[in-house]
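What follows are several structures.
Consider the two complexes below, in which chain A is the common component and chain B and chain C are the respective partners.
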Partner chain A sequence: MSDTARSAGFWKRNQLKIAPWAFLAPGAIMFLLYVLIPIVQSVWISFHDWDGLGDKVWIGLGNYVELLDDDTFYVALKNNLIWLALYLLAIPMGLATALFLNQTVWGIRLYKSLFFFPFVISQVVVGLMFTWFYAPDFGLFSQLIKWLTGTEIAVLADERFVTLGIIVAGLWPQTAYCMILYLTGLNNLNPEQIEAARMDNARGWRLLWHVILPQLAPATFIAMVVTVIGALRSFDLVSIMTAGGPYGSSQVLSYFMYEQALSEYGYRMGYGAAIAVVLFLIMMVFITLFIVRMIAQERNR
Partner chain B sequence: MFPTPIQKASPAARIGYQVLLPVALMIWLIPLIGVAVTSLRPASDLAAGNYFGIPSGLAFENYAAVFRDSPIGWYILNSFKVTVPTVIGAVALSCLTGFALAVYGFRANLWVFFAFVAGNFIPFQILMVPVRDMTLRAGMYDTTLGLVLFHIAFQTGFCTLFMRNFIKGLPFALIESARVEGVSEWRIFRYIVLPLMRPAIAALSVLVFTFVWNDYFWATVLVQGQHAMPVTAGLYSLNGQWVAAWHLVSAGSIVAALPPVLMFFLMQRHFIAGLTLGATKG
Partner chain C sequence: MTKFKALAGLALSALLMGSAAFAGEIVINSDHSDPAPKKAMEELIADFQAKHPDITVKWNNFDHEGYKAAIRNFLTADPPDVAAWYAGNRMAPFVGAGLFEDVSDVWASNGLDEQLKSSAASMTIDGKKWGVPYTYYQWGIYYRADIFAEQGITPPKTWAELLAASEKLKAAGITPFAIGTKALWPTGGWFDYLNLRVNGYEFHMELTSGKVPYTDPRVKAVFEKWAELVSPGYFLENHAAIDWQDAIPQMVQGKAAMYLMGNFAVATMKDGGLTEDQIGFMQFPEITPGIPMAEDAPTDTFHIPSGAKNKEDAKVFLAYLASPEAQAKMNATLGQLPVNNQAAKPSDKFLDAGFTMLSNAYALAQFYDRDADAEMAKAGMEGFQEFMVKPDQIDRILERLEKVRAKVYK
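And now, the complex of A and B:
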């Protein structure tokens, strides 16, 4: 048997074993290199003092100990929790909007697209829009507040309202996202179940709660995933609208990390990495929950 | 259908609904409408304090000024240089990975799949320091190529999830009968599965285009100078220069937002199909 024939035979026999890895290799290598390995490297770097250029100096848990003493860290942590809690409002708001728009009247398709609009726009632009919206003197929102209450509030310069103001800006595209998920879900409802429930005189809220919402569960799950992840990832709006100010009062972990790692007073890569690890661990709690559920669904297929 | 079709309601309710629709839309889009109007308002209006009244004229001049006096045209070109290769790269890689995970039942299959899915949800900050360092060492810091490679790798996670589920939905008998015929695995992928993936490829292309176009974080982390800066980071730096020149900021914002918006309107069906993947049981 010649060499080529033998190798062809080997390929024929083992094709089904080798093929998946050959198909996986290019994508998996890229993903390993740019996503999975850097996670491990970040954890490693978080145990060091490093300016990004010179040698890394091992300081063990030093960065984490410093973090526990850093007031900004607690402000950021608190704000992340506020983000998480309030961002979830996007889900009922999205559902309400979807229910409002789930009709077949003239032009409804265009209305749906235009309601979805905020999600397509870059968060940088959303941030600038809301900065303008809130601007004292000439912002539409501050004029409205002035007209209603007689006093002017500079939302983004006021420690009491700044985080709230940014979250509202974030809720705008996020509600649109949840709305589109629910509109798709509503399109795929089981009409027989609804008719049967209507026969039994279920109407309005009861029908929604007992019949519709259970059928919308897959949409709700995805809305939860993207909203929780979106809330904890919030970076763009904070960076654009306040850069964490005034006096660090609108900090979140993602921006705090960026600011420390690439600080204008010298790069603190190790400290930044430690903040990133904390954020990563918080998100891992949620990611694990999501994945466990997805695996369960996968097994049920 | 839920809620009850408005056609079954009283005529008054029907009219009420038709009136409420545009009103609700106007309120929903107030920030956008405000910025759009401001972008066409002459600078003299703003100077005179005419922020909300009827503009004294339509100042398309603002848009001309943005392109003439700022490098925004260059930034937009950079955004295309980052976005288009990323779309091609991520979609191509995920066609392969999606096929591998959907068609073959090897032991590590689910683990590999969920590694892609989980990687997709992590915070960018955990990647920032090592990726920036790696890009610097490779001499790709401050280049569009550096951004492209990262985006391809990261988007492959989401795209793999999408492609794998899409291929799972195709009839497996097609692949089996080809195998019986002795068709090689590569040819099965190339000539049987790939042609059926067109809708998935279209949906992913628009989604990845929008995600990458709108990326701001990596644009600030991996790029410093003007020559490689995408429009999101560019707009932010211009915002610093145009202090309180809201007519210019607005015009720049609209320009930066336009490409994904156009993409969305042209490919709406695909866009929504991609975004709502998994939102139904089907």
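And now, the complex of A and C:
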């Protein structure tokens, strides 16, 4: 009897200390197992020459040195920057659509769903649709260009346009995503502030810029985070639409990594891991910025 | 002898245990996901079971593309008793990693060294045989026989004749060559044939095994020949945007007249509406006079993983797979050529032409992406594709390929 009493006493005494850890444990263990440990493993593998089957051979920074001398790496890096810059267009485009759809007319729910539709369908399907859209000879887009200019452009076979073509395909679902973020943001606007602004004769752009946008800041922040990360890990569309071609000109880091490490022509695990580490470091820059901002905001509260 | 022992052992143990479940079971993993290969496999397994009722076959059929990634996992994690793969350099990584079993004894005890002679070289690494080939197919130029007749062209036998025919077709508003390079590998066929005809088989093998730099003048010479077709626009425009099948309609509609392809393209051409009489087949013409004609003939194979649980019965299966009857029947369904030279000759017009061509071939190459190291093949075919779009960039492309070669074959 006294034993159970004592153990109950232990629980009572330490309940406040243990409970938060107990609740954190499942998430923390998952995070450790599926995020932190794999990151460390990737970094570890990136110092080796390994085909995934045989023995790992330690080559130190060899993979990174090779990467710095690899033309494809610079093509991929450049394309990732283009992705990053142009993908951000999804935010103003999403905002515009959201503002346009934020009205009460009959059937607006249907319109909203239709605009949201591209985000619901799989990226693979989006990629296939745009591939056909751009296809020479029978694609709608190439027919249109032919009708307008008289010459045919095979977007996905032309190194000048291929990355832009894929980004446009990516913007379609991403705009829908940003739109839905803004639509929820617009629902939470403070009507009193808007009314006050209207009384002060603010309307149109000035109302949007000075009154509505500041209130949408949380939505903008989230839209920014998902878009930047989406741009950096762009993979599905590149894989479906061009597989990095023609001759590697639409390569991006994530696809390059996959190709080197896991594709039919790859199985260079160490080299792929090195690319992954570089991509991780680039992402860390943005993630750190976002986290710093979030912490600063919470302090101000 | 081993076969007999295995069977005797099995019969004995089955007797002792008195249980049917104990009879030998072999697990086969393969990538026969397309309709014809699937049917061929089903027939093969059914016939094998009829002949060896004591061995149960469990067959896992994988998607063709997914298999290439899957095999790496299952060979280490959960090896089957028999696995499908490819000959030549493609099997080298698995042989090197000790994941395939040496099956030289199956070859020796079944007289395969003689019957499968044409593929013996591509199945040998370090003097040992690592699998059994069961099918291959020819590559060559398929052409619209009716268009050739209309334009008064006879199938070219030399490079000069090919250029003249191309010029004539182009003048008539017909693109001489259909091709779709989106998936890269169709460019490999062109490089193989040009190199085999300009420099010959030995040089091609030296190049694909990394012994010759890509900046070698002999490699440059190949691209000079290629440029004679690329620069005047003898290939389909926008080929980098389309897959090989997407180029077939151009041929069906009579907008293109020739296609350097594997024999599998015939089925697609027929599906597109061409009749057998409209399609002709010719060997890739001679370029450097006097060089013996070698051909591309990619070979599909079966192997025993070194981690297999039932190697004895797996060897019985490989021996059956190698037999003339099994190969003849299987390839009749596949629409391809049996490797076994004792197998009955195919009745199909194109296969017959291929059979004759390959039996007289000086040597057989597997295909650029099977002969060359995987990483080199990828970079190489990307270079070929770029060359077909920007032929004036050849020096820069070859320098890049040389850089990759130096890296891959350290």
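List of remarks:
One rule holds for everything that comes next: the second predicted complex is superposed on the first by the 295 of 301 C-alpha atoms of A that agree within 3 Å, B and C clash if a C-alpha of one lies under 4 Å from a C-alpha of the other, contacts with A are read in each partner's own complex, and residues count from 1 in each chain.
The criterion applied here is as follows: a contact is a pair of C-beta atoms (placed from the backbone, for glycine too) under 8 Å apart; a residue touches a chain by one contact, two chains touch by 3 or more.
These figures come from a predicted structure and were not determined experimentally.
Once the two complexes are overlaid on the shared chain, A:G54 sits against chain C while remaining clear of chain B. Which of chain B and chain C touches more residues of chain A is settled by the count: it is B. Of the two partner chains placed around the shared chain by superposition, chain B is the only one that A:G27 touches, whereas chain C remains out of contact. Of the two partner chains placed around the shared chain by superposition, neither chain B nor chain C is touched by A:G94.
In the superposition on chain A, contact is made by A:R268 with chain C only, not with chain B.
Once the two complexes are laid over each other on the shared chain, residue contacts for A:Y247 go to chain C alone; chain B is not touched.
Overlap of the chain B and chain C interfaces on chain A comprises residues 52, 135, 262. Contacts from chain C toward chain A in the complex involve residues 68-69, 72, 75-76, 93-94, 96-97, 99, 181-184, 237-242, 246, 369, 374-375, 377-378, 382-383, 385-386, 389, 400, 407.
Contact residues of chain A toward chain C in the complex are 51-54, 66, 71, 134-137, 152, 154-157, 242-243, 245-248, 259, 262, 264-268.
On the chain A side of its complex with chain B, the touching residues are 15-17, 19-21, 23-24, 26-28, 30-31, 33-39, 41-42, 45, 52, 99-100, 102-105, 107-108, 111, 113-118, 120-126, 128-130, 132-133, 135, 138, 140, 143, 172, 177, 180-182, 184-189, 191, 194, 207-208, 212, 218-219, 222, 225, 229, 232-233, 235-236, 239-240, 253-254, 257-258, 261-262, 269, 272-273, 275-277, 279-280, 283-284, 286-287, 290-291, 294-295, 298. For chain B in complex with chain A, the residues that touch the partner chain are 1-3, 5-7, 17-18, 21, 24-25, 28-32, 34-35, 38, 46, 49, 51-52, 93-94, 96-97, 99-101, 103-104, 106, 109-110, 112, 114-119, 121-134, 149-150, 152-154, 156-157, 160, 184-186, 189, 210, 213-214, 216-217, 220-221, 232-233, 235-236, 239, 246, 249-250, 253, 256-257, 260-261, 264-265, 268, 272, 275-276, 278-282.
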